[in-house]
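One chain, chain A, links the two complexes that follow: it is found with chain B in the first and with chain C in the second.
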Partner chain A sequence: MLTEKIREIAKKLLEEGKIEAFLCYEGTSHPFRNRAVLVKSPEEVKKLLWPSFGVINLATPLQKLKGQKAGILATGCVSRAIVVLIQEGQLKREDLFVVGVPCPGMLDPSKVRDKAPEIIDVIDDLKDEVLIVTPEDKIKFSREELLRNNCQECRHPVPPLYDLLLDFSGREKSPDPYRRVQEIEDLTLEERWQWFEREVLRRCFRCYACRQACPLCYCPTCFVDDSRPQWVGKTRDLIDTALYHLVRAYHLAGRCVDCGSCEAACPMDIPLRLLTKKLEKEALLAFSFEAGLDPEAPLLFTSFDENDPEDFMLTSELKASGKI
Partner chain B sequence: MSWEPRIIAFLCNWCSYAGADLAGVSRLRYPPTIRIVRVPCSSRVSPAMILDALKSGADGVLVSGCHPGDCHYLTGNLFARRRFFMLKKLLEFVGLEPERVQFAWVSASEGDVFAKVVSELTEKIKLLGPNTRFRKILGGKI
Partner chain C sequence: MFYFLPREALKNWLSEISKVHEVFVPVSPSGFGPYEGKLYLEKKTKLSAKEFFLPWREVILKFEARPGALPSPVFFEPVKERIIFGVRPCDAKGLTLIEKVFGEDPFFQKRREKTILLGLLCKEPGRECFGWAMGVNPFAGEGLDALFLEQAEGYLVKLLSPKGEKLFKDQEAFEKVGEEAQNSFKKAEKEFLEKHPKAPALEKLKEADLLKLYEADFWEGLALPCLNCGICTFLCPTCYCFDVQDEVVGLEGERVRLPEACMFELYSRHASGHNPRRSPVARFRNRFMHKFKYFLDEYGEPLCVGCGRCNEECPAGINLWEVIRAMSTL
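Showing the complex of A and B:
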């Protein structure tokens, strides 16, 4: 259904010459991998499909098409990433034709892969059920269970920016988007450090796949590659890894659209999203700010309010206790 | 000899640096634990600079700028306030002791406030002890 709709739209747009190329996903020889594909002629559209495992945000490859009039399949998070890229002057709105889909959520390859020793196909009804086909059997799973973490916690399944919205009923807004962040916040300081060290620092070997997959990490020279000053050392010392992860997350503060590409790209399954999700939560609570909803709105760090919170500052603390 | 913390202070050229100067000229007493880096504005300080100071062995970091409304560049400190808020939340989330990284507003006429800020910060960090988590330890020695 969705696949047919996507092919039809892409074909029509290419035939009418409204776009030069259409960016979407295609299947692979692997039962639970989809990859991005760019089609340039109406004959090629039969490749395209709705990806149940489209884990890498299409806005990342989209930036390589600068200057071409391109169509793109956009779920909520892809569309929001495009909005941030437009806000930051990286993309031009008039170069794009955004085909929006109210997103049903995508499945997590790392959750599917452990369900059976051999999987030959995964059949996804995009509503409630997923069938995992093994050589002997078909096993039924609830879709909710196999969804990616960020899809379970998605706040905006419907794209905020599109030229055409496909008729489809996607997921509802998550009622409890910050559950996993809350679990970490509830730990003591010591436990949080142990969690960070165990889950992030000891596992990361700094392949920078998270940075490459991120639609918003587009700096030509990343701070980790700077050599004068060298912010991040080239050793496997934990502090170097910590510095990378903290500054990476901080650079996404008020920009991250929680598409989960970083986590999907990570070969070590590090819960990278929790760091950016924490910042997303703080931005929402303290500044009522959400990234990627309006291309005309200012960014979090390019704006301020006179009444921004100040109680975290030492001088406010001293003033409150009457010491100054 | 008892352990004395080392604190890196990023002070803005227009207010806090002058405030520190006034504390000195007024002969106010405060602990000799801080090493001052003069920056053009508190918003010049990026998180990488703060983390780099900790990595290089600082036990605490202080960033201080003009009071809101007094910024030499009109709004620099207001941008900085948002950024530091987010940075502080992130550092606490991953288990850095919140006392180690501190932010303050000190104007050029507040020498006494500057002295007080340094004394209080030194006390807080003395209670915590040396920074071991965010420090690069070469050869396993501090």
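Showing the complex of A and C:
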């Protein structure tokens, strides 16, 4: 149903010449992977579909199309990434026609993958149920169980920026977006380091898929690729890997829209999103700031308010001793 | 020569040989590790055994980081005699392809010499496997010292090299088997090959005009979803490109070799700053042209063993077959 609506609007926009191309997803031979595709003629729109596994943010390939008037299918997080890219001068609003969808959330390939030894198809009703089709059987699962973590924790299923919003009822706002972050916060300092070393550092082999998949990692030369001077060693040395992941996450502070592309791209299933989610929580609690909601608004790091809390600059000892 | 190992004797035997050799096995869906009782044999692992031969960090030279100091002679990291069990035949075949290029490379060769590779045939081809289409016969066990075929009661083991014969000469757990068992191996091989032919695409690719392929207009569309990350190259059992880095701490310097990916902008950036493969689509094209044209023209085989890891793990959903199809039907 959503697929038909997408095809219809893409066809109309292309026929009317409002756009030169439409960026969306298509199916692949793999039952739980979708792929970004760019269509340039009304005849091609039959390729397009609503992606239950559209785990890579379309705002990433969108940046390859600079200068073309392009339409794009945008869920909440795609739209928010576009907003940040406009705020940061990477995209021009007038080049885009944003077709928004109140997002029902997407399914996690790594949650679906292990449900049966052989999976032929995955049927998603976009509401309550997912059927996993095996050679022998159809197995029913609750959709909630198979949703991506970032969709379960999504605060903005409805796109904040669009030219046209498809008529669809998506997910509600998550009431508990920081549960997983909280679980890590509750650990002791030592346990947290162990978690970071075990879950992230020892498994990462520096393929940089997290960086490449991120719609907001667009630096022409990433700090890990700088060779004059070279800031970071390039092997799987734990310290170098730690530096990469920490700097990557911090570069996204106040910018990350929690689309989960980094985590979805990771071939080793590293829970990368938790690092950026923690920073999102900090920005929200300390500055009541959420990224990517208004293209006209200032960015977190370019705005200052006298009432901003400054606790983090001061040590608790100074405070306790009454010196400040 | 063929031997037989009862299924329940496998772990015992691995423990036994661990007393004498360093033994590595697939320990989880992610990859290999030292044998400590854990064994994952259900499917092939994400990371292949390539990392034992082209390691993530290989010191090739040591030096004192001060002006005028001369570097040490070539440095070889000590490698113990080791056995790697549970290597899939496609991955071992991948090593033979790497060897075509690294035949003269002393670091790779040293690691090859010190290693006994014991293969394990898959029960069924995986979802994305297409080794046979690339001309790989898993039953031939190219690159392996011995090959295990799982049967109802245990493993039938075919010896493939003098190294393999030497290892199994005095292994009590294994019994020698007669002609009947050998025939069952041959039968399984014959059945497999009848069902799984080589892809006609390879012949077409051999004949295809290199420049026309290079200039074809399908690259742009195929490369659009590509993120230019390094997943496919690092997981690939045949990708061998590397980088060399000097790592200096205080006065101690080490020159290390590490895997690199042609998908990265840095990989092809020259010292001058010029980059012949500056655009993402140029880097995408290079990976496939290397595998299915340059290497094929040079060595008569594609630089691909059809393990399917790239198809399985590509986050952007790129399927290698769609690229081969486009290239072979130009």
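Throughout what follows, the second predicted complex is superposed on the first by the 314 of 324 C-alpha atoms of A that agree within 3 Å, B and C clash if a C-alpha of one lies under 4 Å from a C-alpha of the other, contacts with A are read in each partner's own complex, and residues count from 1 in each chain.
Here is the rule we go by: a residue touches a chain if its C-beta (ideal position, glycine included) is under 8 Å from a C-beta of that chain, and two chains touch if they have at least 3 such contacts.
This is a predicted model, so every value here is computed, not measured.
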- Figure out whether A:233 sits in contact with chain B (first) or chain C (second), or with both, or with neither. both
- Look at A:30 in the shared chain and tell me whether it touches chain B only, chain C only, both, or neither; answer first, second, both or neither. second
- Message: Quick check for you: in the superposed arrangement, does A:242 touch first (chain B), second (chain C), both or neither?
- Response: first
- Message: In this superposition, which partner touches a larger number of chain A residues, chain B or chain C?
- Response: B
- Task: For A:253, select first, second, both or neither according to whether it touches chain B, chain C, the two together, or no partner.
- Result: first
- Task: Scan A:301 for contacts with chain B and chain C and give back first, second, both or neither.
- Result: first
- Message: Applying the document's definition of touch, where does A:189 land relative to chain B and chain C: first, second, both, or neither?
- Response: first
- Query: Between chain B (first) and chain C (second), which, if any, makes contact with A:320: first, second, both or neither?
  - Reply: neither
- Both chain B and chain C touch chain A at residues 233, 235, 237
- Tell me, which parts of chain A touch chain C in their complex? 28-30, 33-38, 55-56, 60-61, 64, 118, 203, 205-209, 211-213, 221, 225, 227, 230, 233-237, 261, 264-268
- Contact set on chain A toward chain B in their complex: 184-185, 189-197, 200, 223, 229, 231, 233, 235, 237, 239-240, 242-243, 246-247, 249-250, 253-254, 275, 278-279, 282-283, 286-287, 300-302, 304-306, 308-310, 312-315, 318, 323-324
- Message: If we count contacts the way the header does, which residues on chain B are in touch with chain A in the complex?
- Response: 47-48, 51-52, 54-55, 62, 68, 75, 78-79, 81-97, 102-106, 112-113, 116-117, 120-121, 133-137
- Where on chain C is chain A touching in the complex? 30, 46-47, 56-57, 127-128, 221, 224-225, 227-231, 233-235, 243, 245, 247, 256, 258, 261, 264-266, 280, 311-319, 321
